[in-house]
Structures are given as structure tokens and as C-alpha cells.
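Each of the next two complexes has chain A plus one more chain, namely chain B in the first and chain C in the second.
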Partner chain A sequence: MTDPDTASPSPPPRHLAHPVFSASRVATIAAGTVTQLIRMKTFYFLLAFALLVVAVGNFNIPATPAKELSMIKKVAFGTMDLFAWLFAIVSTALLIPRDEEDRTLYTILSKPVRRIEYLVGKLCGVLVILAISLLAMFAICAVMISMRESAFISAELSSMLSQERYSEDEIRQQIGLIQAQGMRPELAVAVLASFLKAAVVAVVTIFLSTFASSSLFTIIVSILIFLIGHAHSMATNFWLAETENNILVRMGAKVIRILIPDYQLFAFSEGIVLGEPVVWGLVVQMALITAGYLLVFLLLSLLVFVDKEF
Partner chain B sequence: MTDPAVDVQNLTKVFSAGLKRDYVVAVDNLSFSVRPGEVYGLIGPNGSGKSTTMKVVLGLMAANEGTVKVFGRDSGDIRARNEIGFLPENPYFYRHLSGTETLQFYGKLCGMRGRELKERIAELLALVDLEQAAKRRLAGYSKGMLQRIGLAQSLIQRPQLVVLDEPTAGVDPVGSREIRDLIMKLRDEGITVFLCSHLLEQVQEVCDRVGIIFRGRMRREGNLDDLISIEHQTALTLENASPAVIAEIEEVVARHEDVGIVGKGHPRTTLERLFIDLAGRERQKGDES
Partner chain C sequence: MAILRRIPRWIPALVLLAAFGLIRQPLEHRLREELATANLLLPPPGQNAMQQMSQSTLLGTLGGLRSLVATYLVIEAFNHFSNKEWDELQRDYAIVTNLEPRDEHHWVTVIWHIGINATANMQNDMRLPEFERKRRYHEYALSAVELAERGIEQLPDSVPIRLQLAEVYREKLRDPCAVARVYGEIMKLPSAPGYAERFYGYFLADCPGEEEQAYAYLMRLYHAEERHHKGTLVTKIRELEEKLGIPPFQRIPAESGEENDSATQGGKILVP
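For the complex of A and B:
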């Protein structure tokens, strides 16, 4: 023990300027989140996805090659979409409650880090992981579909040529039908749609985890919101259109319509998977709607999180 | 005049609990200040309001009433946190990161980069004696090692104030001693240390001043020597004194009416010191063999 009067004097404290928002701190938290999710071995789900896609790709459906290819594509892209939103919910729901439980949040927020930087950093980390996962899943699908496509084309070619009764035009037309259902660059837009949807799912989950008491609660409620979000446009239209419904039902329907994202909007990707042309205006519109959802839910999260006491 | 490192004035913190909206007063009109360069201990039993006070100082909680300043800045002001390093009780940190990566993460949060950060990390790993375990993931660290890496992260941006919540909780006596030595080292470097603990013996060893808090209120505060010394008694420790010498002293004491011997015997070491000595000797033997 020493006399405080003889203690070495502290150097004068630094009075550093502090930016309102630091992209570098956000990047640090995002990079930390990416490392965390990678080291939590979350990418194992990609293995499950690859096995599923390979299994689907080897189904023999009694249909024309074009139809069979279209079915395989539909199932593969549907599975990719399912894996993306499920992954967005589970990985996001674990982040903030775990930081709080381990007191890591205390040490982060006791550094010169603003709470908005923490939230945006976490979200960016999840979005990076989602993008990597979707690209990996797309690559798996692309390989599988391309392999099936060339197998179908070779089989069709040899069958038509051996029969010697088809003209060159007929053969080209038949091959064109298969190619139309095969691997096309437009399919990347369907992947983008899945990413946008998963991004909205992630930001809603972050919002829930700012006040939820456990990861399990966050996961369950996020899934519920996701399901309601797929049906709510239909349901609210029904409730709002019915004039016999009382004012409370109508108000409830309006609140749901405002608070819960309409995930059905992202269903435009299904048409692209089935070979419909891409409407770029719609893609831009969806990107803007997603940005709007991200902004609104981040602000709502901040409203809860900024005054949260730990 | 220099601002106090921590200045708490009339702090009151109330929590509402349960559906009945019952109120719990965690901290009640608490005032104290920590001078720059000293080691200040806030002691009290569990639930006395120590951690709540600490969280308000760190800006993790807001006061219902009163003011809390860190080097003259309101504790809610983010700039105040440039000067604060914090080690929570039983920290876990990110178990998937190694010691070096943990320090990199916290350093970057404080705006440090490149060579400056690299050198600081090497310096801190040496300070907390974790150079050998720097590349190991924290999932494989013992409690004492976690506490030491925690102390290192709290010091990463060279803060002027280090806030420690139960810094030796759950750590074995050797680890606990190492942490106390580190606290003394920080004090020698002029860093202010504000710690909360209920391990009184350890607080007594490192603190310059203490505040005793109970049910959210400050009961006693002051210089440790003044608080614990018994003014009307004097201790005399003799070495190699024969029974004759002792008898002589007793005779002298007996000659004075108001003076008496309160106790007599061999001074004892603490169990903790005995354990540390033994562990040190065994470790030395192991190193030699």
C-alpha cells in the first residue's frame, strides 16, 4: 500500500475528437462477426445443402428433359432460399444475446464505440456471411444444373440423331428448349432476390434480439414473423376489404401491414427460376424496398438499444 | 486544478422489478471521487451497489439522479471512454479468437492500427505473461489467463483509468497474486485504478483509499491506513528475542499504569502466502528437473 500523495501523477487525459459515426469501427465489428460465424462452423450447413442438391439432381422424374431440368432448378433454388433465410435467423439471433451473456458486450461498449456502430457492424457481418453462403450455394447449383444440362443435351442429341428423322432445325429447337431451362446468367438475379429477403430477415432478427431475453425466443418470433410476412398481404387484404370486420380487426390488420415486412414481394425470383425474363425495374424497386426495411428496422433497433442498460 | 479521475456526486439508481412495478434502490445518493494516480477500492457485500456504480461510470447505465464524471467529462459522453479500460467480472470474450486476435479486435475498436497496434499487443502480452499462449484460442484459456488477457485488453489504448470488477474472482491464489502485482505496476505507471471487490484482504493489499458501500450508501471512506489502524495500540515485532529480553520488556511495561500488553505470540503468515511460497518452490523444482 502506498500513500496516494506520493503516487506518480497520471499524464493529462487526451481529449480526442470523436467522429459521429466511424466506418472503421463498424468494419472491425463486422470482421469480428464474420470470423465468429465462420469459426462457429456455421458453414457446415453448406455441406448439407450440397448433399441435398446432388440428391435432387439425381432424381429421375418421368417428364421431358426440359421439364425435368426446370423441376430440379426449382427445388434447388427453393432450398437455397430456405437455407438463406433460416441461416439469417439462426446466426443473427445468436449474436447479441451471446455477447451480453458473455459480457463481451460490456467490454465493447466500454470502448469508444457507439451503439449504432455495434448494431450496424453486427448486421454487416451477417450480410457478408449471407452473401458468401449464397454465392457458394449458387456455385453448387450451377455446377449441378450445368452437368445435368449437358447430360440431357448429349442424350437428346444422340437419340435424335440415331433416329435420322429430325431436321437440323428441329434438333436445334429441342436443344434450345433444354438450354432455356438450364444454367443461365439471369439466375444470379434469383440469388440476389434471396439475398435481399435474407437481409430483411436478418435486420428484423437484430431488432428482436435488442430486447429479447434469449436466442430461442428471438428465433421462434423471427420465424413467426417470417411466416406471417408471407401471408400477411393476403390476410390484411381480406381483413381490410371486409367492411363487416370491426374497427379493432381492421386496425390490427393495418398495424401488421406496417410492422411486418411483406416477404411475398421477393417471390418475383420464382418466375426467373422458371425461365421468365428479368424485369430490371422490379429488381431495382426490390433493392430500394430492402434498403428501406433495413433503415427502418435499424432505427427501431437503435431506439431500443440506445437506452438499454446492461 | 486536475479533474478527478472519477467524480460521483449524489448518484441514485433505481430499478423497477416485476409486474407490480416494485422499485429497488440499488444506489442511494452516493458520492465519492477517485484521484488521478491512485488505486481506489469500492468494497461491499454482494448486492450492495458496487457493480451498478461501476456500470454508470462506464456509461453502460444512466443515473436516475446525480452526476458521474470521468476526467471532467460526463460518463455518458463517448469521449470519456477513450480514457477508460474495463475488465468485467469473470469475462469470457470471444472464445474463437486467440489472445493476439482479441487484443487486435479491441485495439482496432479504439482506432489503433498497423505498427502501433502490433507493438502495443506485444508489450501487453509480455506484461500479462501470455506470450506463450498468444496464438491459442481463448476457449483453451484457464480462468486466470482469461482474467489476464482481459486486463491486457482493458489497457490496449493506454487508458488513464482502469476499472476492474472483482478482478480476482474465481482465480487461484497464484493467479490472484499476479493480478495484484499487475495492479501495483499500473499504479506505479501513474494509471488510476478503480476496483470493486468483496475480497477484503486483497483490497487491503493494493488500495490507497477505499469506500465501503452497503445497501447503496457509502458507509465509510478514506485512506486505508487511517481506516484500519487502531490509534491507541502499537505493534512491536522482535526478531530473535530470548525469553529474558521479553521478560525485560514486560517489566518495563508493568512500570506504567495505563500501558498493558494486549497480545503476545509469533506473527503468522497468511495461508495464501504459504500456498504461493509452496507453489513457487514446486514450480522452481519442476523447472530445474
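For the complex of A and C:
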């Protein structure tokens, strides 16, 4: 019989001491990643973005107000999309090697932190920074577009009213044309599309960085995969037409389609920016597909990362 | 279990990647079609457009920077417009309209550049011999018509493209019958401007052989609503009354039509 005074306390059940997955540990790693990325002065690119939007907003080409607004929107949202995926690649590619270099990785993994928690935390950190950046860029865009829109409307109104030969209906029509190309709440969905694409790009980059030998390799290969993922549906038709439906080309295209994410699908932001109405059902499906990519590529990353020796 | 541990990690990774690829393929294919039907996903650029692109624009387009490439080409086309390089401008817009076929502005702008500006330049460019200027003038005007037809194919309900086409027919090809036909199409569209139905009548009145039909149409408009009693409408009816020899007791009263038709002043038509 054991003496209750001298016996060592029984260890807590294993699942309480070290749960399989802890959201708080993930949140801590994500917060650390956000701080790490902010310290890399990543938000400075917002300044460049703002300058670009202002420059485009002041282009002096002979165009109607509606066309000018459409051009500002296209450049702003196109640049936003470009910044988002480029940022997702570069920042994600730098994270794991930087942690290895600083030896932070060893400190983290020597604690009761599971490798999946580390990977999810890193990804969440990047996604938070991406979301903040996209929201900031959207805000800059919204201010610029709204300012130009109201300036165009008041100029058009005063011009049409001073000529005293346009009916109310004609004036309303003309203002409607400007407003259709102006700031609309649906444009937020275009930002969401860019975010979803950047999220997939980030998770693919994390996967690559788990086995890559250097950040440079990860960045180059990620950009290559991005370009292939964007182009394969367009290029396949072109190649098939050029090679008269060659079976080898068809098989090659199929393999690429299976292995590489289809980034072209996420280009639905372009339609929204051009003024097409949003179909919410399709947006939800795109979000689900993105969730699928995140889950599968995190599992792939874990498969490689779990046995990695440091 | 020990065997499983000995399997290199890349094998299950590849299996997982391939399985996911096979599952998502049909889903993505269906989604792509639905997005394209909703006009949210732009169709891939045609083979001709891809062949015309320079390396950088092709790479940009394939890399998902389609709208940025299109905007860059629009700005480049503006430079060609400034330098009166019409063929280069047309080549740029051939790519732009392929990249963004559903952007009405591109169609309207290229029709305006080629149909109005390039033809006007051919009337004034004294460096070219007259026969060459005439040849290019017609070539550009007909190119503009062709561009408009392609634009209408992409955007069947577009009023601005048709308005621009009507301008080319009216100003450059001097074809009132074609202008009337285009206004006839415009007035059936839901977003037609209020003056379209009057314009149809005006140009029909100038179309040889259609005078009787034009007179009947304009009289119907005249009697339908007071708002149609514009100066131009009254003038056109009076011209037709003379031409068709309408008896005096059937003619419209002399004091009618004080107000001019705003939409016809200076030949300006509201094009966004």
C-alpha cells in the first residue's frame, strides 16, 4: 500500500497536459508572426500603392468620366491583387528559414508545441497581415475612387445644367453611367477574391518552404507555380490548337491540372471590377475550394515537416 | 507500421496531392463554367491576340495581370493616337478587346479612334497623295464598322457601341439608311436614350426610297406626344411634306415646333 504522504502526485492525464491541437498556441505563434512581419517593414509598400493610385487617378487622357473611373479601378485592383500574391509568396518563403536562422524554431519546437500548430500559426500570421494590407489598400482605393467620382459628378452636373438643353432624364442617365463605374460595395468581394488567391499562394509556399533548401528557391518555385497555375487553362487551349490536339500535350496538361492549383479561377475579381453583379453562391463555393486547398496543403506540409531534423 | 515508416515521405505527399487534384478537377471545371456564365471570369484571349502580344504583355496576361496589361495597352494606344499611328493603335486595341471583351469603353473608344479620328486625319494629312488618303479613309471607316459589329456580338444590348457606330455611318460614310437602321436597333433596347426614336425617323427621312415610311413614322411621333414637337422633327416633316406633295390641309400647322431637339445640336450625342 502506498503512503499517501510520500507518494508522488500522479501525472495529469496526457490529453490535459498536452492537447493534440491548441488554438491558443496557434494564436501565440500567429501573433509572433504578425509582429515579425511588421518588423520587416512590410507595410511600406502601402505607400507605393497609394502613390500609384493617386498617379493613375490624375492621368490626363481624353476619356469620359466613366472610362477614367473604370481605369482607376482596374489599375488599383490589379495592383492590389499583384501585391497580395507577391507579398504572400515573399513573406511566407522568408518565415521558416528566418526562424531557423534566428534559432527561434528550435526554441519553439523544444516546447510542447506540435509542428502542425507551428505551421498553422505561421500561416494564420501571414493571412492576418494579408487581410490588413488588403483592407488598407481597399480603403486607399475607396477614398480615391469616391473623390474622383464626386468630382466627376459635380463637373458633369454643372456642365449639363449650364447648357440648359438636357432633360432631367438625360442628366440622370449620364450621372448613372458615372456612378456605375464608381465606388460600389460589391468591390469588397473583389478584395475577398484577391485574399482567397493570396491564401492559396501562401499555403503552397509554406509547403515548398518545408523542404526547400533556401528562401530564394522557395520564392522562385512559388512564382513559377503561380504563373503555371494561372496560365495552364489559357495555354492548354493554345498548345492544343497549335499541336492539333496531340495526345502527349493533352496528358501533360492533365498532369499539370492535377498537381498545380488553378489560380485562374480566382480571377473572378476582374469581372466584379468591370461591373458585373456578384453571384454569392459562387463566392461561397470559391471560399470552400480555398478552404480545401488550405487543408490539403497544410497536411502536405506536415507530412514533410513532421520528420524534419533541425 | 514499420514498413509504413520506411516509405519516403514524398510518396504519400504525392498521392495526397494527386487525390486532391482528381477530386477538385470536376468541381473546378463546373465552377469555371458557372463563373464564365455569370461573366465573372473572362474568356481566354483568342489565339490571334496571343500571337500579337509582345513577350512582356503575354507573360503579364498569363500571370494574371490581365487588367493591368489591358490598361497599359490603353495608355500605349493613347500615345499612338497622339502620334497619329492608327495601325499601331488598332493593333493595341485588338489585344485590349480580346483581353477584356466585355468592357464597353474599349469598344466605344476604338470605334471612335478608328472611325472618327483616323478618318479625319486621312482627310487632312497632306503628306499622302489624294487617292491614298481616300483609300485609307474608307478602310478606316469600314474597320470601325467591323469593330462595332464585333463589339455588339460581345455586348448585344450595348447602346454606346451602337451610338458610336451610328456616328461613323453619319459623319464618315454619309449613309442615312444605315444610321436609321442602327437607331432602329437602339430604340428597341431597354437603356435607349429618349431621342433614339426621333433620330430613327430623322435619318429614315434622309434615306432614299424610305420617305413615305419616314413621313408616316414621324407623323405618328408628332401626334403621339407633345414632347416630340422638336424643331428638327417639325423641319423634317415639312421637308417630307414638300417632297411627297402632301396636300396643304393635311400638313402640320405653321406655328408648330419652337424648341430645337437638344440631342441634335452640334451633332453631339451623349456617349459615356
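Some points to look at:
By definition in this document, the second predicted complex is superposed on the first by the 275 of 310 C-alpha atoms of A that agree within 3 Å, B and C clash if a C-alpha of one lies under 4 Å from a C-alpha of the other, contacts with A are read in each partner's own complex, and residues count from 1 in each chain.
Keep in mind that, in the parts below, contacts are C-beta pairs under 8 Å (C-beta built on N, C-alpha and C of every residue); 3 or more make two chains touch, one makes a residue touch a chain.
The structure presented is a predicted model; accordingly, all values stated were derived computationally and were not measured.
By the document's definition of touching, both partners, chain B and chain C, reach A:D307. Contacts of A:V284 after superposition: neither chain B nor chain C is touched. In the overlay built on the shared chain, the residue A:F77 is in contact with chain C alone; chain B does not reach it.
Of the two partner chains, chain B is the only one that A:Q36 touches; chain C does not reach it. When the two complexes are overlaid, the chain among chain B and chain C that reaches more residues of chain A is C. By the touch criterion defined above, A:A66 reaches chain C but does not reach chain B.
In the superposition on chain A, A:L51 makes contact with neither chain B nor chain C.
Within chain A, the residues touched by chain B in the first complex and by chain C in the second are 307.
Taken together, the chain A residues at the contact with chain C in this complex read 59, 61-64, 66-67, 70-71, 74-75, 77-79, 81-82, 85, 165-167, 169-170, 173-174, 177-178, 226-227, 230-231, 233-235, 237-238, 241, 257-259, 262-265, 267-268, 270-274, 276-279, 282, 285-286, 289, 292, 296, 299-300, 303-304, 307.
Residues of chain C touching chain A in their complex: 9-10, 12-13, 16-18, 20-22, 24-25, 27-28, 31-32, 34-35, 38-42, 44-45, 47, 50, 59, 61-68, 70-71, 74-75, 78, 100, 102-103, 105, 109, 191, 193-194, 260, 262-263, 265, 270-272.
The residues of chain A lying in touch with chain B in their complex are 1-4, 7-16, 18, 22, 24-25, 28-29, 32, 35-36, 39-40, 102-104, 106-114, 307, 309-310.
Chain contact summary for the complex, chain B toward chain A: residues 2-3, 5, 35-38, 55, 58-62, 71, 78-79, 81-97, 101, 105-106, 108-111, 150, 153-154, 157, 160, 163, 187-192, 204-209, 223-225.
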